[in-house]
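What follows is a set of structures to go through.
Consider the two complexes below, in which chain A is the common component and chain B and chain C are the respective partners.
And then the complex of A and B:
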């Protein structure tokens, strides 16, 4: 296969009669930040476990750093789970020693960025700090591939900027980064996205390519409450945005529904957001 | 007049959990409280529903029985079935049987929970649990609905369904306050309050917050080797914290904020969006705090 850091070719995984992942192609190259997007149960975790060699594909092939995934190749991967994976009952320094030891880096000094907390129990630190520690641990051995699960969810603006800066620096050093998320802000930070639903890839490309030509109808009218109630009762996927409504339905259909109830509204076709496009893609006509 | 907090201070032990926070919650429409972990969102909502007592400031809310509240932890009984959860909530709020059946049918149909009446609450997916919790909080048609991070960790499809439920409550005349860590959910609010470390970074409608961005925002295409146009900050020259704080990343590109409107060389002017506004509010706040 190519020089990709992680690669799936027609990878499928069945559990009994259930197919969790169906013929998925995915590559993460050097210096790339790839977002893997999907609803719960879309198959993201199963795919990642195959890429890391923790599950064998039922069909197709996966490669990690150019070879069948192994303990040796996993050593060159840095992973930050959503739950961060720290030992709450160990200090930061102990967590560091454990992690450095596991990666064959025994004796490496605690990096400056987290040394200030070296004697604190990891579980006692604020969540934002725990996240910084988990990142430092995952990056400690300069991994070739970083796998991050919702890396910045729940983080305030400055902390988020700091984390993305670290992720981008790793990519600029040549690492590949695979971010699994259903947080659209994180998706928009990635170079390209792979959207999964029900085990299969639904779309891939940049944010603009994923949104494609999708649009929603934006409704502006003084009586937004009634307009919402009418559209909602008609089964139109609709949501309130401030005092505007956004409906995932053709504008003329929305206008007609409102006109029939005597509601004067300005209905305009506007580009869908990533989240709206995603929902339309995976849920069909349900949801707004 | 509407509900909400005015200039509220809350102390938790030695920590000032809220410091002069004002959260207006209109009689219809949604107020969104946005912030990261530890920003004070939960404390805000707990003060609003009367679970914590402010040291100073004013709290306006309807009588307790006219409030619906879902804490961040859950809001359902995991060892009761969906039907039992509904019955329990209806009894607790004194909702009559006819009324209960009518409202429950509507909420169940809307959320797809009608397919899961006999399942235990704890066996539902995370998204379904949240939808049930919001549904239970709406069962007595509250005047004020208060939801603490109803969409955190919920996938986008369930998130859309939750927001449709929340929007429906607001459209029906319920005052709604929602806390979230997702900045893009702020756009759904008629009013938005940005919180960080117990303080307000900004508040107003999303448009007002955007209009209030001082100075200029620029964009510089991605370039390895550090911050463009900023001397002595090449990659490897230190941690992220050592860099001038007015630069941040969006994808491979850099964005920069010039408070005085003078963009550094090489930066193309950009129309600030809501994400920029949030970042700039945080930077301005940090600069103010360091003074």
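And then the complex of A and C:
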């Protein structure tokens, strides 16, 4: 065995005629933060539900902490689902006591990070705070593997930074972390990424490896608004960055399109960002 | 407005359970309850004892259904038969005026029996039956005495089935069920943990209903409380198990309420709480025999009003135990599927072995 904390080999999951996950290979090792990057419906949640043993694979296999997902292996896992799994009608302290008790540590004190809300009903807290509480609960038993489904969805920048600080600290302690996200900034904080689209893995590796040699055309011109309209109307994937445009198309093609409309612009080739690489990858067969 | 009407129809079309509730259920209820809802008692189980038992039994006509004729037995045996629920009417011969004992917990049967005795007397040209009539256990034929032990059971069905099912479905809707599934619990841990508080609340409810029933309506509690507790505990396990079962097949609280009512309604009408089971048409009577409330009513009325000993209640207690095992086993199996998918587990294990590199 590879010593992976979570592992999927050719794992597929079908719901009737619909294939949510197809032949996915994935490993999460100790001390590493692996990001599952994909749009909604890419199959990320289904994959982690399989890894946790909440769904059985239709094909292929999964292992959790070196064994078939079971009660024993889940004891060493901290999980924050998209829905957070907090009891809205219980206070933060009561949620904590339940979670700690479930993992056999009844007397554990509420950690300092969430102690300020200890007497608040979880359901009445802002979403960002709820996520913080859910995260603290998932860490209550010092798990070997943390599985976080969209952990910072709906969280402000400060809260997100705090959560990532915690994630990093958990990884430094040796825990493996599997994070699903569709947020590029968040994805860039992962050690490794697995990019999924339509249930399949499109790419894997570090951010640099995912981007590879991809480039985009950066467009600088005074009339950027009109330039955007022209490129967009021509079917070129284009985005606004400040007052620059970034187009996922060859620079000479972009220059030609703009010149034809009489727009003077400085077009240069620059390395693509993760989001641009992701869009190109996901839209690849149909779009770009 | 038409847009709303069209939208409602579209939603309804996809909600098959509600459509079934709205269209099929009334028809089914009409047929079932039409045959079940009858106060007319056709058969009254009767025992005749004493030296003139054979002659007296020969005189009895419908609705008296003579099940036992024992010339060697006396009044104590007759009372035992009534207490144990083996007869509703007992005729004790061998005295100047035969003694007719009736089980006052069977209101409609007693009323029918009194009417039948009156008719027999009139046919014989007498103003009144030439018998001494004594109604046992509920001499005043007080309705509340009969209803309170049954209502206690009905309240438990309500708390057990409806409230429990909502409690579990709420977890599903809030997404906390998934969190429970990932925690190191067995399905049984979760079920036991979920139903224990309801069990305690329902037990308190039961005690409250019985005490209030005794205080307000003067309902006696003549039997052994331990027998009552055993019966109530088994009955509660069945109803709570039904609640969990309902929750495992319901995706939201609306569905759970619909299903719980589909379980509650037959218990109200077919368990013997209102209509005597014996007067139901044979085609629907079998439903009564699979309803836990039918057996609890037998136990609670028996213990509270008649001091029926456990030796005479082994049948309803045994059947409740059987129902508890079946319902809880089904609930656990379904719940386990929710918490950790059992189907394909063996396949997953086999497949997992293949993951291990050579």
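Going forward, the second predicted complex is superposed on the first by the 273 of 288 C-alpha atoms of A that agree within 3 Å, B and C clash if a C-alpha of one lies under 4 Å from a C-alpha of the other, contacts with A are read in each partner's own complex, and residues count from 1 in each chain.
Quick note on the criterion: contacts are C-beta pairs under 8 Å (C-beta built on N, C-alpha and C of every residue); 3 or more make two chains touch, one makes a residue touch a chain.
Since the structure is predicted, the reported quantities are computational estimates derived from the model, not experimental observations.
*Asks:* A:79 in the overlay: touching chain B, chain C, both, or neither? Say first, second, both or neither.
*Replies:* A:79 sits against chain C, while chain B stays out of touch.
*Asks:* So in the superposed three-chain picture, is A:127 touching just chain B, just chain C, both, or none of them (first/second/both/neither)?
*Replies:* After superposition on chain A, A:127 lies in contact with chain B alone.
*Asks:* Of the two partner chains, chain B (first) and chain C (second), which one does A:87 touch, if any: first, second, both, or neither?
*Replies:* After superposing on A, A:87 lies in contact with chain C but is clear of chain B.
*Asks:* For A:166, using the defined touch cut-off, is the partner it touches chain B, chain C, both, or neither? Pick first, second, both or neither.
*Replies:* First partner only, chain B.
*Asks:* Under the stated touch criterion, which partner chain does A:154 make contact with: chain B (first), chain C (second), both, or neither?
*Replies:* In the superposition, A:154 contacts chain B only.
*Asks:* With both structures placed on chain A, which of the two partners, chain B or chain C, ends up touching more residues of chain A?
*Replies:* In the superposed model, B touches more residues of chain A.
*Asks:* Check the residue A:256 against both partner chains and state whether it touches chain B (first), chain C (second), both, or neither.
*Replies:* In the superposition, A:256 contacts neither chain B nor chain C.
*Asks:* Classify the contacts of A:264 with the two partner chains as first (chain B alone), second (chain C alone), both, or neither.
*Replies:* Neither partner.
*Asks:* Report the residues of chain A in contact with chain C in the complex, numbered from low to high.
*Replies:* My answer: residues 1-2, 7, 9, 52-57, 59-63, 67-72, 74-75, 77, 79, 81-88, 99, 102-103.
*Asks:* Given the complex with chain B, which residues does chain A contribute to the contact?
*Replies:* 33, 38-41, 112-113, 126-128, 153-162, 164-166, 168-169, 172, 182-185, 188-191, 224-226, 228-229, 232, 237-243, 273, 275, 278-279, 282-283, 286-288
*Asks:* So in the complex, which bits of chain B are touching chain A?
*Replies:* Chain B reaches chain A through residues 28-30, 35-39, 125-127, 152-153, 155-161, 163-164, 166-168, 170-173, 181-184, 187-190, 196, 205-207, 224-225, 235, 239-241, 243, 245, 248-252, 275, 278-279, 281-283, 286.
*Asks:* Would you tell me which residues of chain C are touching chain A in their complex?
*Replies:* Against chain A, the touching part of chain C is residues 174-176, 178-179, 181-186, 340-341, 343-345, 347-349, 351-357.
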